[in-house]
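For reference, the structure I am asking about is given below.
To keep things simple, chains are lettered A, B, C and D as they appear, and every chain counts its residues starting from 1.
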Amino acid sequence: MTGMKLDEKAKGVFVITVTPFKDDGSLDDASTDRVIDFYLEKGATGLTVLGVMGEAPKLTAAESQQYVKRVLARVKGRIPTIVGVSAPGFAAIGELSKSVMDMGAAGVMAGPATTVKTDDQAYAYYEMVAETLGPGIPFCVQDHPLAYGGVQLPVPVMKKIFDNIPTAVMLKHEDWPGPGLNKVAAIRAGLKRRISILSGNGGGLFLPEELSRGCDGAMTGFGYPEMMVDVWKAHSAGNVERAHDLFDAYLPLARYEQQTALGLAVRKYMLMKRGAIATMAIRKPGPKLSPADIADIDRLIARQEKRLKELG
Amino acid sequence: MTGMKLDEKAKGVFVITVTPFKDDGSLDDASTDRVIDFYLEKGATGLTVLGVMGEAPKLTAAESQQYVKRVLARVKGRIPTIVGVSAPGFAAIGELSKSVMDMGAAGVMAGPATTVKTDDQAYAYYEMVAETLGPGIPFCVQDHPLAYGGVQLPVPVMKKIFDNIPTAVMLKHEDWPGPGLNKVAAIRAGLKRRISILSGNGGGLFLPEELSRGCDGAMTGFGYPEMMVDVWKAHSAGNVERAHDLFDAYLPLARYEQQTALGLAVRKYMLMKRGAIATMAIRKPGPKLSPADIADIDRLIARQEKRLKELG
Amino acid sequence: MTGMKLDEKAKGVFVITVTPFKDDGSLDDASTDRVIDFYLEKGATGLTVLGVMGEAPKLTAAESQQYVKRVLARVKGRIPTIVGVSAPGFAAIGELSKSVMDMGAAGVMAGPATTVKTDDQAYAYYEMVAETLGPGIPFCVQDHPLAYGGVQLPVPVMKKIFDNIPTAVMLKHEDWPGPGLNKVAAIRAGLKRRISILSGNGGGLFLPEELSRGCDGAMTGFGYPEMMVDVWKAHSAGNVERAHDLFDAYLPLARYEQQTALGLAVRKYMLMKRGAIATMAIRKPGPKLSPADIADIDRLIARQEKRLKELG
Amino acid sequence: MTGMKLDEKAKGVFVITVTPFKDDGSLDDASTDRVIDFYLEKGATGLTVLGVMGEAPKLTAAESQQYVKRVLARVKGRIPTIVGVSAPGFAAIGELSKSVMDMGAAGVMAGPATTVKTDDQAYAYYEMVAETLGPGIPFCVQDHPLAYGGVQLPVPVMKKIFDNIPTAVMLKHEDWPGPGLNKVAAIRAGLKRRISILSGNGGGLFLPEELSRGCDGAMTGFGYPEMMVDVWKAHSAGNVERAHDLFDAYLPLARYEQQTALGLAVRKYMLMKRGAIATMAIRKPGPKLSPADIADIDRLIARQEKRLKELG
């Protein structure tokens, strides 16, 4: 079964999936099925698995394959699935990519190696990614210095990548806290062709503005993915103030998830509370919520529900 | 004229002041007077000058002294003023500190040298700060890895600093995006004495929660300092939901200011718009707002005003 | 076949092996056999495979196992073999470790995750390494900030690790350019038990002094491993000046290998020239020698041979 | 008194001066005079003051000026003196530069701000340096990532700087441990005009090879500056093997100085022993030699003297 291929027309909301574990640390297949259903119900137009927040580096090579297989079997090609393949070496990138494409993934996503230091090295890195993947595997460039050792992918590097590498069809923009909004606009303006740009900036903390600057949607997590879907739909329909109203209602909670050390635990707690996964287990090393954290989240959820009701 | 001395009972809102420049890059004394008046009117209980967002490293030694003198002359001892003295060497720290204390500053603030790498080095650094300042100058420890080369000041280091150095009376907590809220609680619980902890986390993006975890107030900037004052007052009065209501109304704009590359320009634009400074000039190297940025901010201000009116 | 287990009495020269590739990038099994023989002939008392200079991150999980299997089959238990297992997650560390121990490895070696930032996190990391490996797998702590994202393992952390974790039996000391020699002495003095400390500092650039400060030998590469063996033997025999004489003769070439960007290419060129491997192929991304580099090395080899002859 | 101006024809050995302190931490003017005489006697063709190893960041603005004044008064224009002016802001750079040029400095030297992250930012930084200094002050670009927060100045940035900024006349090449020798050659080959390139790589640890690749000499410290002078003279006279012989004789000691944490203490100890400065005092925070360190150095000095005698 090979699914649709990722291309530069992708838009909407690609949800970064969590990887559900049982309390003993093993992969929780049942919760995987359930959370995928949950994302589909909430309106995801795509999925991204094995991302930073998917605890990818904590899986063995075999587990990564097992997890992707399960997800793809559940999605059944209804929406495209991108697989994160960032790894310290090209052999591992190539191996995982070929395998998941055979299983039906739509494309892959890779951030730069943490050893990249200069513009030329950054471009050379993506040339090697493209060479490793070959002409048949489209990929998404992940611009996320905070997660990749501070490695920068500035506008001239983006221009070289997207103007010269046809299989680079998508950008996940997450240069934050950093250049932000003007970078999206500068990239959009500077390229010879139209690519798909999805915003992950601050975990979606700038979504309405990113859409105004030329993003085609969002690629990030958050325990309430319908926020991203609804904001994107309102914005696409030209109802910008409504997009902001919805966004603002979710913002206090979305902001709370943006604590680097705690974010994934916050997200899994919300998903558990909503019935999308069985437990909030995180593989070590990982954060644990304190009772005070949980009280904070519960308060924010209650306030969010009240505010959404007011908005109608 | 020597003013009040900073001590561990400090609370409320210490506003990080901007340093106003004329369009030609010289210090704008008239705007300095005006913005100090503005901060006082909005309810600041203290000021912090020459912070990271005060463009301190862009001033010459002489200009730093000139600016502090002007501020202190305007404040006239009504509220305590802390002066940022972070510098690569202790000689410069000592020189500036002695000078500003003679002018009437209440205390000084210092982040760690970017060469600090281990817990022991971090503690040794603050021992040397204390030795340099001598017993008569109280100081605030600035925990802000993003601004100080990633240098960490973890809880055991904080414990050693505050348990052993009597002149370390205050912590500016800004370990963000990072450990966040639980770090405040852990520090508070771990110390042998009560110190003043002011939150700067994400530029105040977690203010209501920080107050619940034991912060005595805020030390940060933001073009609407009354937000911090009003949130702190409501929270102190036990009206936590009201504190959140107010906070949430300002959050979309406060969040917008938290774009590292652009934040100071956003802040100066708001202050200019509110009449607190004459121009939004920033010394090089510094960001400039694009027309799209300005449109974003204007929209967010309009929405904020509407929301505040709804809240009453 | 299970071989001897690594313990705290290990000493001498553990050679960091190169991983030989064919020009097409595939593993070169014949060269692997030959280079292992070469290391044994030159007097290695142990081997360390899949280290930083062994291009470990460029191998797939399957290739790593294939390579280690080949090495162990060639060594036939004559000397202990340590396998580098550093990986971003514990699942991968555990999987590789168990597998190579079953094949007959003597122990494993792990550097800290690049996400470690504080002393407590560093210690916690090694606690989790030990828990992952279980009581039956002895391991070597690799202190090499330059290769592990600048992560520090200062003396108090070392003390906690070695005093509390019985399976941590060896330290590879390579905190360079950094604290260097006094760190070895401080660790040695501070521990409750005697562990094995092997020097890798600057690729062996401080070997005679490290031995004087308490190192039990060396763990590093270099195209002339007999240098390390001969220096260690002379030093152990109390002939310190002779140890320096030998060291100094090799130093110009050893220094040349310490160019981060080029070092591995220099090493593989020397091993190829000496007949220990078939080609100097390095997997991408990797350095290539320029003709000027080769001329430099050839000159240094000629000078080294002359100097060794003079010394007798 | 205005001295000669630095230009792109500069060559030979620019010694990075130490800044002598008394044991109480104050500037030691008498030792300053003596060490300047010492550098002149040993054949320095230029001096660089207030460099990283000159403890520049530990001086107040007033002390920096006092020290430079003393040096220039002693040099009396016999050789050009470059002043390190790296600072976090342009105002301080401009102030110090104008002042020292008025005193008779030949030019200034600046490394990049630690906030620089991309190629474009690096070039923009040097554009602002040039604008700050104005057309009358020639400057040296310092490429030394280890001392400047890891900031990279890759070949394309160098090309832009030297091709577009006429007052950038010199490069201090110290990208180490890093690209090293091939970077010098690539810069030399890529520029539209000839500039002066002085090697500081590894504190001079690659001097003979750097000269072969196109360096015009050295700019670094070392307690035996005559090594650099003699190596440069022999190499310039076409006697490359003799240059290597001399270099190799000093290498064990030069290498010992390249321990980041200890290097300056090693250098000051050697200068004190040679009578060039009164004490080895270093301002805090700074390293202290242990008895074992001193024994190491004394041994290396004795061995060096013996080897130099053998060489004749």
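Everything below uses one rule, namely that a residue touches a chain if its C-beta (ideal position, glycine included) is under 8 Å from a C-beta of that chain, and two chains touch if they have at least 3 such contacts.
The chain lineup, named per UniProt: A, B, C, D = L-2-keto-3-deoxyarabonate dehydratase.
The shown structure was predicted, so the numbers you read here are calculated from the model rather than taken from an experiment.
Counting C-beta pairs in contact across B-D and across A-D gives the higher total for B-D.
Of all the chains, the one whose CA centre sits at the greatest distance from that of chain B is C. Chain B and chain D have centres, each the mean of its CA atoms, that are 38 Å apart.
Taking each chain's centre as the mean of its C-alpha atoms, chain A lies 47 Å from chain D.
For chain A, the set of residues touching two or more other chains is empty. Within the complex formed with chain B, the chain A residues making contact are 146, 176-182, 185, 202, 205-206, 209, 212-213, 241, 244, 247-248, 251-252, 255-256, 258-262, 290, 292-293, 296, 299, 303, 307.
For chain B in complex with chain C, the touching residues are 117-121, 150, 152, 154-156. Taken together, the chain A residues at the contact with chain C in this complex read 55, 57-63, 87-92, 95, 113-115, 124-125, 128, 149, 283-285.
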